[in-house]
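Presented below are the structures under discussion, each in the form of structure tokens.
Shared between the two complexes below is chain A, which has chain B as its partner in the first and chain C in the second.
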Partner chain A sequence: MTDILGVPLPLLFGQLLIGLINGSFYALLSLGLAVIFGLLNVINFAHGAFYMLGAVVAWLLLTYFGIGYFPALILAPLIVGALGVTLEKTLLSRLYTVDHLYGLLLTFGAALIVEGLFINLLGVSGKPYNTPQVFAGGFNLGFMFLPAYRAWVIVASLLVCFGTWLMIERTKLGSYLRAAVESPELVRAFGIRVPMMMTLTYGFAASLAGLAGVLAAPIYTVSPIMGQSIIITVFAIVVIGGMGSILGSILTGLGVGLIEGLTRLFYPEASSVVVFLLMIVILLTRPHGLFGRS
Partner chain B sequence: MPKSRKTPTFCKPIWGPPMPDAPVLQLSDLNAWYGESHILHGVDLRVNTGEVVCLLGRNGAGKTTILRSIMGLVDRREGEIAFAGRQIADARPETIARQGIGYCPEERGIFASLTVRENLMMPPVVAKGGISLDEIYALFPNLLERLSAQSGARLSGGEQQMLAIARVLRTGAKLLLLDEPTEGLAPVIVQQIARSVKRLKELGFTVLLVEQNFYFASELADRHYVIEHGKVVGEYTRETLKTRADELKLLLGV
Partner chain C sequence: MSLSDTSKSGAPYGLTMLYPAFVVLGLVFLLSAPFLGVYPIFLMKVLCFAVMASAFNLMLGYVGLLSFGHAAFFGMGAYVLGHTMKEWGLPPMGGLALATGVAALMGLVFGAIAIRQKGIYFAMITMALGQLVYFICVQAPFTNGEDGIQAIPRGTVLGVLDLRDTLTLYYFVLAIFIFGFLVIYRTVRSPLGQALKGVRENEQRMISLGYPVAQMKVLAFTISAALTGLAGATKAIVFQTATLTDVQWQTSGEAVLMTLIGGIGTLFGPIVGAGIIITIQSRFASMGSWIMVIIGVIFVVCVMAFRKGVVGTLLESGKSGPSASSDT
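After this line comes the complex of A and B, so read on.
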């Protein structure tokens, strides 16, 4: 069997696959964070809670209403998006005129409340969510075995990420969004309802996190604390990619996933801190992030 | 691009003949604040349909704030702003724009993250009777050449100014607010902008202009208001401006 630096190839590809899966979730989450930061100037600490809610809602739908994976793939992001819209409309929008730190505090508080509520209801131990029947089995690629569900997660998240990026970069609606990131008041002075755009953007980014949650449910166990563990890494990714850079956050998300996978292989002890080391190096050398503009 | 771009003929004004003494915009006792600072102290002025009216005054006199107050872009307003017979002093910027006011901000407000074409097409159409793209390219031929530029920031200052005016002509807005359209531009470009503004007047647009360039303003405007300390301190017609130019220059520190 072929080895690379003493590591057998199947092991290498296995870790790269795990890295790519994690990277897909990172990308979906950091994309949403970047969009929210760009337009609303809010550092959205509730993003991990939205991700968790996506998974928990999918689990609740299945357990109590018998609603399966595919309907949940639509329903759960819609429900999470609606919660995001409600949060923005009722609370967050009141804070735009004061220091941005208040937005961070509000979303952090909201995340704690939501997580606390679900810990109370479900406990911290994970609930299993079975992989849908259609994704049973997998593909033998010759050098490794690729489970069908993991392939689906990677393809689906990449499609959603790049679809969102195209929408922002290439459509009329996207041009409103980019213009509003530069100068919200001038865009309003052209007759565009920027406050509503901000509400919908927040809702959309929340539903992306919810979607990531549903996609993650069959891979990780569904638990009220699953958002906490991922969100800190995702924040580091947004910093590495450059706050507010859409493409930057997608590519960095995938890249960090892969780097984590490789680290787990070659120096497992560092795998959970490598993203922060990377962040430190980037902050020292390129303070605006890899893809950020000053 | 297969479609031919013939030079269109501007034969008739698009909103009928101007009606003198019918104010399309009237400010009465307008006060405005940014945070705690009280910038406008009871501004009274009117703009009649089809007129070009200029606000003159030193830096910091409140000219830009008058335009921003009309658009609802200040923190607080008191007093009355009537546009086309409707009160807009309590309205939000997006609502005010949709009544038919086109705004060209100070420093042009061209979006760097948008292509030139996206910049041009960004402001939504708010009323019928906007100028067609062909007519816009006839008015500003440079824009057509630069249309494919990847970022609005790649344009020169003059091109940016033309783009800033062009994008609100599309929308069907009848009243244009131009904030220092000649700021920082070379004399030959200033002349080109002056020609375009004259053209816009012929087309039936009403223009409220903020200007530091006295010669540019005196050539274009039908009436002038001199602003000082957030108040109107003088009103001049085109004729009185010429006879009392010295007094005015002293007031403006030209």
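After this line comes the complex of A and C, so read on.
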């Protein structure tokens, strides 16, 4: 058996795989946060709650309505997105004229309400969500065994991430969005409905978080508190990457996932704090983040 | 743009005149409360959180920086006091001084890191740093992990005041509260406090005027962290425990909410807010996790419709004619 620094190769690749999967979730979440921040100037504290909702809605659909994984993959993000649209339209949009910190506090309160409600409904213990039949088994890559579902999660989230990036960078709609980030007044003067665009952007980012939740459901147990700790990690990732670039937030998310995986292998005690230590190093050397603009 | 319109527009002249009366009334109430049938432990909890919220408000209300990591100072203050009094056998004053010192040191380091970004980033960075401290507390041996430090002895202050007596403890905690309040009052009224308000209103201008803005922010953050550590340590004496709850992000959120509901940028707002939130928490304690929903609803209502908070609204409603400029 081949060793690298005294670590058996399959173990190394196993941890890298877990890192890559976590990284995919981080990428989906930090991408959404970056898009929301770019256009709305709001740090969306409710992003962890949206992620949790995606998983919980998928579980509820399966348990109470017998709706399986693939329909849930579409339905749950739509439901979470609709909730995001409602939140933006009814409450958040009224706060754009006051200090941006109020937007942060509103989404913090909204996250507490949603998480509190589901803790009452389901309890804090995790609910298992079975891996869909199609993804049973896996591939033997020679140096490691790759479970099919995990391969699917990585492929699907990478496709969605880079699809979103392409949409923002290459399409007409994306160009409106980028223009509105630079100068909302000017874009409005051209007759583009910026408030509508803000609502849809928030809804879209919320549904991305919901999608990450559905993808995560079969890997982690579904629990109302699953969004609480991931959101703080994603905040640190956003600080590390800087919010200037969409691609930057995707790459930072994946990178941090991998670094966490490696830390879990070589120094497990530090695996939960490595992302925060990384953030401190970045702040001291490049205060605006790896991809950020001053 | 400013978070605290009340302090910017100045307190109304009439109400400002009444302030000494309110302070005297409040003090009389606090001094006589144990004899009025108010549960002393409850009051002591309010006083501890009032110190924390006031210290938090020093950053948000007077510098314009929202810290979401104050639980780190609060919790670490509690742990340091618990460890030094239980394991090292230090007297309360020694434990409190050490806890405050450790929190101040942490505030200095946190501040130096977090002020490299401002506004909304500051909130995320402080929250991440707070989570870092939380994870360290989960693993470090001196915190006893999930069990926390239990049965912390209350000890005797300077060999005279036996804190095992609840009434003595109450007045000791009240003294700490008054000390904390005076430190904040002095800081706000000092040249540093005035300059910090200048930073809140127009940072570029203050930089061009030659003020060492970065150092001033770090200094304010250090004072805020030290007082929060003192609050946490005092709480550990009162409840004789130090647990992971003290260092969790929810505790940071409570400080934010107390300040918001009481009135951001007002001296008495965080104290009123602490009273309201602790009352709600103990009233609805039996409802378990519904309390999270209630807290969330209060957050949303305050942000949407009650941004000035209780004290801010009172100051506003008492306004008559052109207001004199005074910061309260």
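In the analysis below, the second predicted complex is superposed on the first by the 293 of 294 C-alpha atoms of A that agree within 3 Å, B and C clash if a C-alpha of one lies under 4 Å from a C-alpha of the other, contacts with A are read in each partner's own complex, and residues count from 1 in each chain.
Definition applied: a contact is a pair of C-beta atoms (placed from the backbone, for glycine too) under 8 Å apart; a residue touches a chain by one contact, two chains touch by 3 or more.
Every value quoted in this text rests on a predicted model; they were computed, and no experiment measured them.
**Student:** Quick check on the superposed pair: does A:Ala189 touch chain B, chain C, both, or neither? Answer first, second, both or neither.
**Tutor:** first
**Student:** For A:Leu141 in the superposed arrangement: first (chain B), second (chain C), both or neither?
**Tutor:** So A:Leu141 meets neither chain B nor chain C here.
**Student:** Please name the chain, chain B or chain C, that touches the greater number of residues in chain A.
**Tutor:** C
**Student:** In the overlaid three-chain picture, which partner chain does A:Leu9 touch, first (chain B) or second (chain C), both, or neither?
**Tutor:** A:Leu9 contacts neither chain B nor chain C.
**Student:** Now for A:Ser175: first (chain B), second (chain C), both, or neither, which partner does it touch?
**Tutor:** first
**Student:** Which chain A residues lie in the overlap of the chain B contact set and the chain C contact set?
**Tutor:** Touching chain B in the first complex and chain C in the second, no residue of chain A appears in both lists.
**Student:** Given the complex with chain B, which residues does chain A contribute to the contact?
**Tutor:** Residues 172, 175-176, 178-179, 181-183, 185-194 of chain A touch chain B in their complex.
**Student:** Chain C touches which residues of chain A in the complex?
**Tutor:** 37, 41, 43, 91, 94-95, 98-102, 104-106, 108-117, 119-120, 228-229, 232-233, 235-236, 238-239, 269, 272-273, 275-277, 279-280, 283-284, 287-288
**Student:** Using the touch definition from the top, list the residues of chain C that touch chain A in their complex.
**Tutor:** 1-3, 66, 113-114, 116-117, 119-121, 123-125, 127-129, 131-132, 135-136, 138-139, 249, 253, 256, 260, 288-300, 302-304, 307
**Student:** Provide the residue numbers of chain B that touch chain A in the complex, in ascending order.
**Tutor:** Residues 71-73, 92-94, 96-98, 103, 105, 109, 111-114, 118, 121-124, 126, 168, 171 of chain B touch chain A in their complex.
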